[in-house]
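Each of the next two complexes has chain A plus one more chain, namely chain B in the first and chain C in the second.
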Partner chain A sequence: MKKRYMLGVFDDEEELVHATEELVSAKIEIFDIYTPFPVHGLDDLLNIKRSRLPIITFIAGVIGLVVSIGFQVWTSAFSWPINVGGKPMFSIPAFVPVSFEVTVLFGALITVGFFFLRSCLYPSKVAVLFHPRQTDDKFILALECSGAKFDEEKLGEKLRVLGASEVDISYK
Partner chain B sequence: MKDQFKIPTNRKNMCIAMIVLGALVLAYSFYSQGTRAWTNVLINNFYFTTLALGGLFFMALTGVAKTSWMTPYKRIPEAMMSFLPVALVLMAVLAFFGIHSLYEWSHVEVVAKDPLLSKKTAYLNTNFFILRMVFFFGIWIILSRIFLKFSHAQDSGVDKSKSIVKVSAITLILFGLSFSFASFDWIMSLEPHWFSTIFAIYTFSGLFVSTIAFITLTIIILQSLGYLRDAVNENHFHDLGKWLFGFSTFWAYIWFSQYMLIWYSNIPEETEYFVLREHHNWDWLFYFNLLINWLIPFFALMSRNSKRNKFILSRVCVLLLVGHWLDIYLMVSPKVFEIHGLEATVGLVEIFTACGYAGLFCLVVGNYLSKHKIKSEADPFYKEGLHLHQ
Partner chain C sequence: MSGDNHIAKIRTPLVTKDRKYRQISDDILNSLEKGPGIKWTICFSISFLVLLMGIGVIAYQISTGIGVWGLNKTVGWSWDITNFVFWVGIGHAGTLISAILLLFRQKWRTSINRAAEAMTIIAVCCAGIFPIIHMGRPWLAFWMFPYPNTRGDLWLNFRSPLLWDVFAISTYLTVSAVFWYIGLIPDLATVRDRTDSPLRKKIFALLSFGWTGSHRTWHRYEILCLILAGLAAPLVVSVHTIVSMDFATSVIPGWHTTIFPPYFVAGAVFSGFAMVLTLLLITRKVMNFEHYITKGHIDAMCKVLLVTGMMVGLAYSTEFFMAWYSGNEYEKFTFMNRAMGPYAWAYWTMVSCNVIFPQVLWFKAVRSNLVLVFIMSIVVNIGMWFERFVIITTSLHRDYLPSSWAMYSPTWVEVCTFIGTFGLFFTLFFLFVRFLPAIAVGEVKSVYKFARKNKDQVENV
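Take a look at the complex of A and B:
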């Protein structure tokens, strides 16, 4: 079943941040906020947890490092040793640039892959937007219409007072 | 919140004690092993000149970008610049009295026997060396005065950012050229047969890391004394931490670039530099240098939380400041010690001399800070600098 949401549409980021502060201090639960660009301070107000993606990046980087060093050692010292410039077959300095590049490559690609996976993004995915202009010039503050205390009339009025240019109801 | 900085008496006494102790140990060292004393003078002269110059470079870099987030603590790079005249005096002492103890090319009879050095005499001769040194310091001191003038004009609420952009752009070019030649002159010419075209950027990367480390550490110390607490928040520390993280890696990158090209091409007149440092008891210091200047800071500063944590940040800053002293020690000492038959060592002379210089530097910096308002609240960019977000 689709859930019912109340949307406060704001024209200005300052008003949005102010409204968010008010709602948070009034202990009204905010479902989510959609903005066309990052707005400073919202993450802290909404108490959003830090992304876990950096952990993936770190692990991917370590895997890339191990794989690249292993592969270079295997090719240049065991599988097909070729004497280059009289250097030892197993020469760490020669492996460093490639290991660095592969570490970065693994880190970057696997991070992007996990990001797509976690946020369920794939080519030709149809975007589910609350409001058609949330990626354009409007700031959307969404409240979930649930719970006994949820008073649509009163909250709609409150959002308007806080500066929302329109208040909509949407289903998702 | 306190506005006017005053050096706490116990810290001031500590600085003076360090200077006196350093001077005594250095004087004893002149008496017992003159060359080692001059080596230490050169190492610390260069190290603290780079810190002072780092203040100038920081002002120019942030000036050309019209940065506002450094305005709350812009007094610190300004204070670092105020060491430049002192550095000129210290360097002049070395150039006039110590040059023959350190630089092989300053001995006319050695140069005459050496065909390579004879060819280099047009550049490497005592008079031109001193002339260049005075010229470089002249440029730096004049530029630092101009920056101070503009900065103090900003303090009275005048927007000088356009002029600052212009003078910063010129400064960056002049700094790049003059510092390159200064590091060739003072450090690379210790081994006049050896050359490395990347050497200047290598010393520069050390300069930038130690500058950021010093600025960060000074802010943390000032905050623990009760200053700047409302001016600098954890977002500022996060940015400084990112710079530390990034530039200690940049240092490692340049270190490796220099090492790998020399290692690969394997030309004797180039490899002598690393052959000397990887053997003869220098090896553990050589690898330790990489450990404390890159590996430990890299992992310590990797996470967001540690960049915003003053405890971790201050420890890493101390580590990097010590590390870059060691780095310069490793650039200077091995060859001089080899020529004069000294053993590889970091002994009491090195430690006390460095402490003495550190005391002097801190005293000069603290003295400047106590003469000016620690917060530049009237600066047109101050408010914007306070509201720094991530």
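Take a look at the complex of A and C:
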């Protein structure tokens, strides 16, 4: 079953932020906003909680650190100990560079992986676009047409007053 | 951007022409839709021919053996490792621009980060060629990675700086490439939604991961970019630190110094920025990006060049001072030999190109004269190549035993291999500017309004 959406199309990000402010204060629920580049100030308006990706990075980094130190100690001191220039088998300072690199590698790759998972992005995924120019120069404010209080005419008028250059209806 | 509260009057816009957002996309992305121009075709063909020559020479030396190089028992590392360090150094500017300048909130980086990162990735690939050939049996290069094997679980020597290098450079390459690709995704989506060609639409739909520009994704995306920048910033510093340990952990006079890590990192940023300048001065002309890569950008990069050049100069004099102050005869001899021995010409080329000539960048008249800046960038590239040659060859060619003293000169094979890597470098770079957005379109749009109210101060470019 396709849902019905009302779109306010803006040409400028400042007008978009202003319109969002107005809609939020009028307690109208916003489905999502699509912009060609990140527009700051919307997070607070839409009450978006700060992403928890940094926690993932920390955990991934710790795993990388433990794995790399463990592996180096195991191979160099237990699995096949080799005397290299009389250095001790359990030579932690010499393991620092590789441990650092593996920590960073794990941190970066696992965080990116979680970003794709959480945002549901993957190769050749079909992008559901509300407007053909939303990745180029149009700023789209999408409202879901549902609920008894949803008055399309009034809202469309409101979006135009707030600066929308076009107001469309779309089914997705 | 609406997030900015105050912008000082002294700031000038980063894009020097009044554009609408649509026109910014047109300026940067329209060249992808058109056929290759005559300038691009000529540049690409030359690079590709040089690359083919390089492939031929590499095939020859691998099938014959690296005895075709000019190395001898005393000088066991020379052009190969010089070229390796040279290319790795060049690979430092891109991630520095995209990561460290992002953390420092330097908005001007938005026009140049994409191309600089591409340059980084390509330069690291060029660098990797040399140690792999130097192994002698490059088809066994995978032995450098720890994998369960049939040699009775014989592992790697994790105490060897050469192995640290393998990990440092492969991590750097991976993280830089991932960071670069993450930055590309929104722009790939822009290309996907603009193009008329069905084939291009299909390819970019595959590559852009279904990006829609939803605000929730943007929020997460910006956090991700900050995290990656935070991870990549120490990584940039670590790579050349570890490369310098290839030398510093040995006991060769001239290599065995604690100053090497910071000295190498400064030198790497220096040479990287020189190469970014060389490439971008060409790119902005060929691709008509003058209003995006402005004189302001070039001015800023020249200042980085000046600062890092003086850091390198400080390192040269510190090394000399320490050679005297240490009281170590061998150290003292090595450094006197560098400045006055048979390779003095290389040493003084290095000092002039890296320390003396860049001092002209103090003058605004020089920094805004693009021809002079281009010449300076080439001069620094040459100087930094000589720096590595001086460090590596002059430290080796005078051994502890005078009976093993030797000289080194490259054979045609080594020269052609080095030139061949330039072929690879430029071929890949030209393919990049032809088929991918060479400027981060979305990011430029996000800083377009920066200081635009102070527009009366815009210089004419």
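The rule we apply is simple: the second predicted complex is superposed on the first by the 172 of 172 C-alpha atoms of A that agree within 3 Å, B and C clash if a C-alpha of one lies under 4 Å from a C-alpha of the other, contacts with A are read in each partner's own complex, and residues count from 1 in each chain.
Note that contacts are C-beta pairs under 8 Å (C-beta built on N, C-alpha and C of every residue); 3 or more make two chains touch, one makes a residue touch a chain.
Keep in mind the model is a prediction, meaning the values are calculated, not measured.
Novice: Could you tell me if A:Arg50 is touching chain B, chain C, both of them or neither one (first, second, both, neither)?
Specialist: Both partners, chain B and chain C.
Novice: Check the residue A:Asp32 against both partner chains and state whether it touches chain B (first), chain C (second), both, or neither.
Specialist: In the superposition, A:Asp32 contacts chain C only.
Novice: Check whether chain B or chain C contacts more residues of chain A in the superposed model.
Specialist: So, of the two partners, C touches more residues of chain A.
Novice: Quick check for you: in the superposed arrangement, does A:Arg118 touch first (chain B), second (chain C), both or neither?
Specialist: Only chain C; A:Arg118 stays clear of chain B.
Novice: With the two structures laid over each other on chain A, which partner does A:Cys145 touch: chain B (first), chain C (second), both, or neither?
Specialist: Touch status of A:Cys145: no partner.
Novice: Name the contact category of A:His40: first (chain B only), second (chain C only), both, or neither.
Specialist: A:His40: touches chain B and chain C.
Novice: Which holds for A:Pro132: it touches chain B only (first), chain C only (second), both, or neither?
Specialist: It touches chain C, and chain B stays clear.
Novice: Output check: A:Pro97 vs chain B and chain C. Expected answer is one of first, second, both, neither. What do you get?
Specialist: both
Novice: Does any part of chain A touch chain B in one structure and chain C in the other, and if so which residues?
Specialist: 40-41, 50, 54, 87, 94, 97
Novice: Mind listing the chain B positions that touch chain A in their complex?
Specialist: Checking each residue of chain B against chain A gives 256, 259-260, 263-264, 266, 302-304, 389-390.
Novice: Once bound in the complex, which stretches of chain C touch chain A?
Specialist: 1-3, 20-22, 25, 146, 152-161, 163-164, 167-168, 171, 174-175, 178-179, 182, 185-186, 189-190, 192-194, 205-224, 227-228, 231-232, 234-235, 238, 242, 245, 442-443, 445-446
Novice: Spell out the part of chain A that touches chain C in their complex, as residue ranges.
Specialist: Residues in contact with chain C: 11, 13-14, 17, 32-43, 46, 48, 50-51, 53-54, 57, 71-72, 75-76, 79-80, 82, 84, 87, 91, 94-95, 97-98, 100-102, 104-105, 107-109, 111-112, 115-116, 118-129, 132-137.
Novice: Given the complex with chain B, which residues does chain A contribute to the contact?
Specialist: Against chain B, the touching part of chain A is residues 40-41, 50, 54, 58, 85-87, 93-94, 96-97.
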